[in-house]
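My structure is below; once you've seen it, I'll send some questions.
Per-chain numbering from 1; labels A, B and C assigned in written order.
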Amino acid sequence: MPSNDNGNVSIIKGQEGVATISFFHPAQNSLPSNLLQQLTDQINNAGSDAEVKVIVIKSEGDRTFCAGASFDELLQIKDKDAGTQFFSGFANVINACRKSSRIIIARVQGKAVGGGVGLAAAADYCMATQFASIKLSELAIGIGPFVISPAVIRKVGLPAFSQLTICATDFQTAQWAKDKGLYNEVFEDIARLDASVDELAKKLASYNPDALTSLKQILWEGTDNWDNLLGRRAAISGELVLSEFTQQALQNFLGKK
Amino acid sequence: MPSNDNGNVSIIKGQEGVATISFFHPAQNSLPSNLLQQLTDQINNAGSDAEVKVIVIKSEGDRTFCAGASFDELLQIKDKDAGTQFFSGFANVINACRKSSRIIIARVQGKAVGGGVGLAAAADYCMATQFASIKLSELAIGIGPFVISPAVIRKVGLPAFSQLTICATDFQTAQWAKDKGLYNEVFEDIARLDASVDELAKKLASYNPDALTSLKQILWEGTDNWDNLLGRRAAISGELVLSEFTQQALQNFLGKK
Amino acid sequence: MPSNDNGNVSIIKGQEGVATISFFHPAQNSLPSNLLQQLTDQINNAGSDAEVKVIVIKSEGDRTFCAGASFDELLQIKDKDAGTQFFSGFANVINACRKSSRIIIARVQGKAVGGGVGLAAAADYCMATQFASIKLSELAIGIGPFVISPAVIRKVGLPAFSQLTICATDFQTAQWAKDKGLYNEVFEDIARLDASVDELAKKLASYNPDALTSLKQILWEGTDNWDNLLGRRAAISGELVLSEFTQQALQNFLGKK
């Protein structure tokens, strides 16, 4: 695909009741505001379609699942409101997953970084390949994984989240992510991953829809405050991103490429 | 034992302060309402006996620990009130364990399914054999593990609970259950299990009773809402069990036997 | 050092923004009231020093990290108020760690018992050697790990805490403590531990201080009630310690030495 591509989000609704939402961005599937908005819209779209029983979220390509926030867009943020608005994009995706009445499976073919880890954590079930290492690099660029932390802690617990955050330059393996609870299953390669995602999604779609809806509700019980919570978190990140530390770190990073 | 046996619950109170509550049902130690009520009564009985310092819960036989809800009885449920009442039987057992002032050890010799997993999770300490695989098959029969989920999530966390529920036709090994926190110890065979249960129960019974009572309280701190919560959950399952999906699944299952 | 040494707490503030707080007591780094108070003071001191970016907590010697409460002092407790006051010393240290605006790394070179486990758990990141086994022996002396339980459960979860408490005479390995989340990293020996603590502390100290402050806040979100909670817990232990069971157990233990 052309490198000047701005990315896209697509949805395919299969006959067996499985909707597959896929996102793409040429910079390692990083997410600028417009893709975050499209992801939110498609999750809502699928959840309100009576024909859709189960949602699969995936990304394009056979490399990085998601590199997190778009660094290009982070560098363009010039005031706190713009920063808050940008990070609210991740909050909106997570809250859309949370409030969807459908069970959501994340299909993670490769590395997940920052907000990409948050996206994987927002799914109800997460299947990955052995290449799907994870990293929360936010601290290294002067911000923090504050918007995604409730979703990530909900899956991996506080100690593993602390480790990911504090060791901001280290990748943890897919096996580690499975041991900690982020991934439910890890596969040898993409072909095996896809076969298993397909099989599970269709099986789930064949179950009693009312039971699935009740299951979704109890899985997210106690998170009603996340609309506000993630919004407040977006404001924290939106202010930190303006720091000299962050601007310098981002320019260093983009200059190195 | 005769196959027309309706099962039973017994209690033995040993001299060292250990009460052992044992249940039996010919259909793989599955639990109809009357056994759930007897279990609740015996847990309450043991907890109000000053001579009893520690409670052990076990089942008869050397195969399945507990197959969960009695399918025969599920098929006889014809309205929502009856359904709610049936599932409240599990809520009552879990709440009896929770509110008992005594530390409860579960002794799990073999497979635990559905409500059987909930029973193991409601104990304060759980010892099992390597054969004690677990499965939450509720979704496959159109219902869900809603009454037991607070107890199971409290032990294994949300991701493991999600996996058990979503992969409703898969057994997870006893080792997996130990890694996730449901089982505290896993033994090679029943003889070793029994020796260790006996040793631990007697040791606990020898400790300062006031310290044990305080320990029990702090282990269950924050669960005061479970009387209401599990009751509401029973109502969800009690309605789902009336679905065409469930009735068909149960008949298919019982027909296959 | 002389065996009649009453122990001490020291602090060193390095140029790179790392403050290292170290405690010592001749009885296996056990903690009497005066050391608990000094630890609390030094944690507060470091947290209010603008030059300090990161705090490391360690103990002296190459054997036991911390043996928990001072048995000598426990034996001198003659009424409930004195008992509550003693255990409040641990509550104060944990709350000082919790409320510090600085990220705290614990450096655990050897065994941690009772309150020593609580101290390790109160840090934000915990690095240990393979020799750093852990034990909660409180029940065996007629009390319980009630003051430290919120901190320990926050890290290792309820089942692992239950196991530590209920199996009061068993050490669990450093690897177990890592698997459960108490330790983030386990090293072969003290030299490797120290090199890694040093490297991580300096790296953290180089990050955006505002991001570190926000991180600290979200890591402890939801624990505002611990001032009261740990105080109430101290009162429980402060009463249990007066029991005949405890006094006998402590005298047996000290007599054996």
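Here, contacts are C-beta pairs under 8 Å (C-beta built on N, C-alpha and C of every residue); 3 or more make two chains touch, one makes a residue touch a chain.
Note that the coordinates shown come from a computational prediction; the quantities given were computed from them, not determined experimentally.
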Quiz item: On Cα atoms, by how many degrees is chain B rotated relative to chain C, nearest 5?
Solution: 120
Quiz item: Between chain B and chain A, is it the same set of residue numbers doing the touching on each side, over half shared, or a different set?
Solution: different
Quiz item: Where the CA atoms of chain A average out and where those of chain B average out, how many Å apart are those spots?
Solution: 36
Self-check item: Residues of chain B engaged with two or more neighbouring chains
Solution: 157
Exercise. Provide the residue numbers of chain A that touch chain B in the complex, in ascending order.
Key: 103, 124-125, 154-155, 157, 181-182, 184, 200, 203-204, 207-208, 210-212, 214-215, 218-219
Quiz item: Can you list the residues on chain B that touch chain A in the complex?
Solution: 138-140, 142-144, 146, 149, 157-160, 162-163, 165-169, 233, 236, 240, 243, 245-246
